[in-house]
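So that you can tell them apart, the chains are marked A, B, C and D in the order they are listed, and the count of residues begins at 1 in each.
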Amino acid sequence: MRVRLLAVAATFAALIALVAVYVVYFLESGPPAVAAVINRDGSASLTLQVVGSYGNHPFPDWVSYLVKDPSGKWRHTTIWKLPAHELVHVTVYQFDSQTGLRNNFLAQVRGTVGGVATYTDVGNTGKGSGLPPYNNTSLSVIPPSEPAHTFTVPDLDLSVPLVGISDSTSNVCAVAPCPMHFAHTTISFSFRTPGAGTYRWQCFVPCAFAFLYGFGGPMQTIGYMDGLLEVA
Amino acid sequence: MSIAPEKVGRDEPHHGRNIAIIWAIATAIMVPVIIWVVGPHIPPGSLTDDTRAQHAVDVVLTALSIPLLMLVWVYLGYAVINFRADPASGTIVDGPPLRSNTRIQATWLIVSAVLVVGLAAYGTVDLLTENGAGGGQGSNPLAKPSDARSALQVQVIGQQWLWTFRYPGYGGVETAQLVLPVNREIEFHVTSLDVVHSFWAIELGVKADAVPGADNIAYVKIFRKGSFQVRCDELCGLWHGHMNTTGHIVSGSAFNSWIHATVTKYAAVTKYLPPYSLTYYPIPTRNAT
Amino acid sequence: MSAHDGVVIEPEGPETLGANISVGARLWASAVAFFFMAFVFAFFYLRALNTAHSFREPHVTPPIGWGVAILACVLGSSVIFTLGRTRLGDGTDSQWRLASLASLVLALAVVALQIIEYYNLSFGASDGGLASVFLGFTATFGLFWLGAVYWIETIWAQSLRGERAGESDIANTSGLLRPSADGCVVYLYTLGIVEIFAFVLLYLVK
Amino acid sequence: MESAALPVNRSKGAAPSFLGQLLGFNVIWAVAFAIVGYIVAHWLGGKIGANIAAEQNPGGTDQDDIAILLGLFGSIIGWMLGLGFFNYPLKRMLGRAPSLHEGVDSSTWRYFRLCTDHKVVAMQYLVATLFFFFVAGLNAMFIRTELTSSNATLFPAGNYLTLVGLHGTMMLTMMSAGVIGPLGNWLVPIMIGSRRMAFPRIESLTMWLTVLAGFVLLSATLLGGFPTGWTGYAPLADQARAGIDSYLVSFLLIGIALVLVGINILVTVVTLRAPGMTWNRLPIFVWAMVTTSILAVLAAPVLAAALYMVMSDRSIESTFFISSSGGSPLLWDELFWFFGHPEVYILALPGFGIVLEILPVFARKPLWGYRMAVAGMFGVALMSFMVWQHHLFMSGINANLRPFYMFTTELISIPTGLIFLNGFGTLWKAKIRFTVPMLFCLAFFFNFLIGGLSGVFLSDVTSDVVTHGSFFVMAHFHYTIMGGLVFALMGGIYYWLPKMTGYTINQALGKLHFWTMFIFFNLTFFPLFAAGMLGMPRRVSSYNASLHTLNVFVSIMAFCLGLSMLIFLGNLVWSLVLKRERASDNPWHSKSLEWQIPTPVPSYNFEQIPTITGDPYGYGLPEAPVVDFGRRGAVAAGEAGA
C-alpha cells in the first residue's frame, strides 16, 4: 500500500511538472511588451524597423518587425505599450524589398494625422517604375506594387503602406537589427491613440516567403508581422 | 441476496394515464410561456426580413420541441420516482418481462415521421418564401426576392484578416466601412482573396461563407436605421477572432451622400483596383519576390 | 492466471481463420473502394468547377502509352493470379506456383512502370486540378498496389516453403493458402476496377 | 491432421527474464526507434525536397514539408519496428505459416508491447484513451481560461488556436477510439462467446497506432502549432506552419486505426460467434459496435484520401484546394464532412449501445424493442452518409441541394428517436436500482435529448443562418458527444471495470462524480446555446463585451466540471491502485455472458466455447436460459474439439 501510494504521488507530481512545462514553454511562449518613448509633451515616439530576413534563431529567413526600446536598444517584439488619447509619432526604417499588395485598396494611407505619411529613400537608387527616389515626400496613396509591408490597425482604421527598397539595390540588410547604412526607406507618420484597450495590428502584404498566399509563418506569428498595441 | 420474480396481482396505478396528464399539463403551461413570454426575447430580433424569418422559425421550433422535451422529462421523472426497486429489501426483484409492443412502436414511428416530414416541408417553404433567409446561396440562388433587379449590390471581400466592401453600382469603389441604406433590398456577393472566411452580419441575420474563387449571394432588407456587428464565422487563421467591424444602416439619402463622398475620397486608390468581378484569383504565391 | 493452467483448451479449426480472411478481405476491399471514391469525386468536382479555367492546363497530357502499359500489367497480374487460383483447386501445384510468380513479376512491373512514367511527365503537381488529381490518384494507387504485391508474395512464398517440406498446396490447409488466395483475388479485382477508373478518367476523358 | 490445429493459446512457459523482456520488442524501443526514424527520414526528405522543389522549399524555413512529413512517417515505421510489428509480416514473406499468437505471457511487460490477448489490448486502449481524454480536457480548461476575458490577451493568439485545435482533434480522435477500443475489444469477443478477435495482431496494431497518433498530434506544439481547429479547412491547412503536418499524420493514423478496428470487429462478429449466438441474440452493445464499425470502415478512407491531398498540396505543391490553380476549398469541405458526419455517429452509436446494454440490468427488465433498436442503429448508420452537406448550408454550394439535406438531416431523428423509445419501454414498470452506471445512463437520455432537439434548429436552413458556426453548434455537439457518448462511456466504465480489472470501483465517489459532472456539464454548456445565438462565433479568443458575464459564468462552471473529472480520476486511482477490493463474478446480477465467467477473466476466456441458449435480457423470467458452458454438462471436451 505504501509503495503504491508513493508511486501514485510520484506519478501525480510528474504529471503536474509536465503540465507546468506545457504552460510555460508552449502556451505562454510569446514576445515581451516594450513601451514607446514618452516625450515631454505627453506624446509618444515609436521607432520601428522592418527587415526582410530576421537572420537569427529561430527563423532566420522570416520577415520581421523590430522596435527600439526607451534605452535605444532594438528589441525583437511586436507588442508595444502606448499611452491612451495621445499622439504617437511613428518612424519606420523599412529594409525589405518590394512585394506588392494583394488587395490594392490598402495602397492608401488611412487614419494618420493629415491622412498622409512621409517617405524618404535612403541609399536606395530608385523605384522599379523609374520614378525618382522619395525624399521627404508626403503621400496619401502609393503605387500598389511598391509596398514591402503595411502597418495596419484594423480596429483604428489606421493603415500605412511601407514602401520597399528597389529590387536592383545591392546594399541589402540580411540580419536584424539592421544598421542605417543599409538601403532602406524611412516612413514617418503620426496617429492619435484611442481609449485604453488592446488593439491588434498586422501587415497586409503577402510577404511570407514559402507560404501559400504569402500569409503563413511570420504573417501568422506574433513577434514577426503581427502584434498588439497595448494602450493604457 | 436472491433474485425473486415480481409479486403479481398487486393493484397497479394507471401509470400511462398519470404520465399523459402530467405531460399535458406541463405542455399546456410551457408552450404558451415559450411563445409569448420567452419567444419575443429569442435572438436575432426584428431588424431585417431575414431576422424576422429566423425569429419566427426559432419560436416555432422551440414551441414544437417543448412537447418532446416534456414527454422525455416527465416520463424520466415519473419512472425514476415510481419504477424504483425497494432499496431496503435485500432481494432483487425483476420487472415484468415485456419485450415489445407493435402498436406503440408503430405509433411512435408514424408520429415522428409525420413530425419530420412536416418540419422539412415547413423548412423548405420557408426557405423559398424568405429569399434564403439571409444564408449564402451560392452563385445561383434558389430563392430571389421579387425586387432583386433593383437591389443594391454589395461585394463582401474576406481576406486575412479584414473585411472590405465594394459597391459595383458606384464604380466599384472599395471601402473598409459597410454602410447600407434602410428599406432597400440588398444583394451581398461574398468572396475571399485567400482562405475560407464566413461573413456574419449578426443583427442582419446574414451569414455566407467567403470562399476564394466562389461567389456566394445573400439577400437582406433592413427595416430600421442603426448599426450592426460583422464577424468572421469560419476559422481563418491567427486573427480570426478579431476579424470584425461595425456596419451602419442609414437612410437612403444619407447613403447616397456617403457613397458619393466615398467615391470622391477614394478615387486615387480606386484607379489601382482590379475591375469589379464576382471572383478574384490572386496568384497563390509561395514565393514572395 | 496460473491457477487456470492445466485447463485443456480445445484447438480451433483452420476453417475459422479461413472465414476471417475471406470476410476481412471483402471489407478491406470496400474500404479501398471508398478511398479511391474520394479521388474520383475530386476529379469530377474540380472538373465541374474548373476554377480560374485551370482544371486542365493545355500542356497537362498524361502519356497514354505508359498508362496503357500500367493498366495492362495491373489487369494481367490480376487475371493470371485468378487463373492460378483455379489450378490451386485442381491439384496442379506447379502451374499454380508458376502463375503466382508471373503475377508477382507483373505486379512489380506496375510499380516500376509508374515510377518511369513519373520521370516522363510533361507537367508537375502545381499545373492545375487535373495534374493534382493525376499525381494523387496514381501515387496512392501505387501504395495500395504495393499491398497487393506483398500479399501475392506471401502466398507464393508460403507455397514454395510448403513444396520444400513436401507438402501439397491442397493439403496445406493449416497455411490457409486457399482462403488467402481467395482474399487476394478480391483485393486484386478491386484494384483492377480502380485502375480502370483511373485510366478512363485521367487519360481518356477530355 | 496435426498441422490443421491452430494453437490459440499455447501453454505458457515461464516468462522471459527481466533483461530478456527489456531487450525484446517493447514500447521503450518503439520510442527510441521512432525518434531515430524521424531523424533519418527527415534527413532523407531534406535531400529529396532539395531535388524536386529546390526553389519552392529553400532550406532554413520551417516549411520544409517533404522532410517533416517524411520524418513523421519515419517515426511511424520506427515505432512499429520497435514494437515488433514487422516480425510477423517478414516471416510471412519468407513463407512461414500464419499464427495468431504473440506476446502473451503473464508478465507485466505484455502491457508494453504487441500482445494478442484482446483483454490486454483493451486495457492498453483504456489507459491510452483516458490519458489523451484528460490531456484534451486540460486544453479545454485553458480555452475557458482564455475566454474569461473578452479581448484575447492571456495566451498569444496563435497558441490559443493551437489549443482549440488540440482539444478538438484529440477529443474527436481519442473518443472515436474511446469505446470501440477498450470496451469493444474487451467485450465483443466475450459477449459473442469467442476467445479472441479475428485479427489479434491488427487489433494490437490499431491500439499502438492510436497511442502514436496522440503523441504525433501533441508534437504540433513543437512544430509551431496549427491554426485550423479539428476540421482542418483547406487552404488554411495548405498555408499553415509545419504543426499542421502533425495534425495530418495524426488524423491519418487514427483513420487507418479506425478502418482496421472496424474490419476486425465486423469479421469477429460475423465469423467467431459461439454456437447458438444467432443474430437475434446478439447483445445490443455488439450491434452498436457493428454499426460503428461499418461507419468506420467506409467513412475513414475518404478522410485518409482528403488528408493525403492536403499533404500533397503542402509537400509537392499540388493544387487540390487552391482555387487560383484549378482546385477548390469546397473539395475539402465535401470530403471532410463526408467523413465528418459519419464520424459524429461513430461517436454517438457506441453510447446508444452502452446505455441500452446497461439499462435492462438495472431496470431488471428485458431490453424493450430489441429489433427496433437494431433497426434504429442501422438506420442512423445508413442515413449518416446522406446528410453531410448540412455542414455546408452557408458555404455557397448549389442552393438547390439544401431542401434535400434539410430533409435527410431531419429524417435521421427518426432512428435516433427509436433509441429513446427503447429506453422508455425498458424503464416502463421497471425495478430501477440507482447504481452509478444507471445514473449515467439516465443522464444520457436527459442530455442527448437537448443535443438532439438543438440539432433540429441546425438542420433547418433558416434557423441555421443564425446558429451555423457559432457557439450554438459548439454547445449542440458537446451535448451529443460529451452529454451522450462521454456520459455513456463513464457509465460503461463504472459498469464493466470491475470485470475488466477484477477490482470494485468505489460507489460513493462514483455518485459524487456523477452528480458534479451532471450538474456542471449542464451549467457549462446550456448557456452557450444563448452565446451562439447572440453572436459568438466558434474558436474566437475575443468576443463582444456584452457576452463577458456569460462567458465568465461558463468558465467557472467548466472549471467545476474539470474538478468533477478529477474526482473520477481519483476514484480510479483509489479503487484500482490503492484500495484494491476484489470484485465478485457478477456484482450487478446481470444475465449477460461476460458476467457468467470468472473474475478476473482467464486469458482464454472460456474453458470450452459455450453454447448460447438465449439472449442476455431474460429478466423477469428467473429460469430464462442464457448460456450453457458445457463444463459441468454432458459434452465431453474431446467431442467438442473434434
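The definition used in the following text is that a residue touches a chain if its C-beta (ideal position, glycine included) is under 8 Å from a C-beta of that chain, and two chains touch if they have at least 3 such contacts.
Computed from a predicted model, the values in this text were never measured in an experiment.
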**Item:** Most central chain, judged by mean C-alpha position against the global CA mean
**Value:** D
**Request:** Could you find the two chains linked by the most C-beta contact pairs?
**Result:** B-D
**Fill in**
Whole-Å distance, C-alpha centre of chain B to that of chain C, is 47
**Message:** For chain A versus chain C, what separation do you get between their C-alpha means, in angstrom?
**Reply:** 54
**Prompt:** In angstrom, rounded to a whole number, how far apart do the mean CA points of chain A and chain B lie?
**Reply:** 39
**Fill in**
The distance between the C-alpha centres of chain B and chain D, rounded to whole Å, is 30
**Request:** Could you list the positions in chain A whose residues touch two or more of the other chains?
**Result:** 200, 209-213, 215, 220-222, 226
**Request:** Please list all residues of chain B that touch 2 or more other chains.
**Result:** 194-195, 213-214, 237-239, 242, 281-282, 284, 286-287
**Message:** Can you pull out the residues of chain D that are in contact with at least two other chains?
**Reply:** 56, 152, 157-158, 227, 235, 239-240, 317, 319, 322-325, 328, 330
**Message:** For the complex, give me every residue of chain D touching chain A.
**Reply:** 56-58, 60-63, 138, 142, 151-153, 155-159, 162-163, 221, 224, 227, 235, 238-241, 322, 573, 577-578
**Complete:** chain D contacts chain C in the complex at 1, 3-9, 11-12, 89, 92-98, 100, 106, 195, 198-199, 259, 262-264, 266-267, 270-272, 297-302, 304-306, 308-309, 312-313, 316-320, 323-328, 330-331, 334-335, 338, 600, 602-604, 607-609, 637, 640-641
**Interfacial residue positions of chain C with respect to chain D in the complex** = 1-2, 4-5, 7-14, 16-17, 19-20, 23-24, 27-28, 30-32, 34-39, 41-42, 45-46, 49-52, 54-57, 124-133, 135-136, 139-140, 150, 153-154, 157-162, 171, 173-176
**Message:** For the complex, give me every residue of chain B touching chain C.
**Reply:** 213-214, 281
**Item:** chain D partner contacts - residues on chain B that touch it in the complex
**Value:** 1, 3-6, 12, 15, 42-44, 50, 53-54, 57-58, 61, 65, 68-69, 72-73, 75-76, 79-80, 83-85, 87, 92-101, 104-105, 108-109, 112-113, 116, 119-120, 123-124, 126-127, 130, 132-143, 190, 194-196, 198, 200, 202-203, 205-209, 211-216, 229, 231-242, 279, 281-284, 286-287
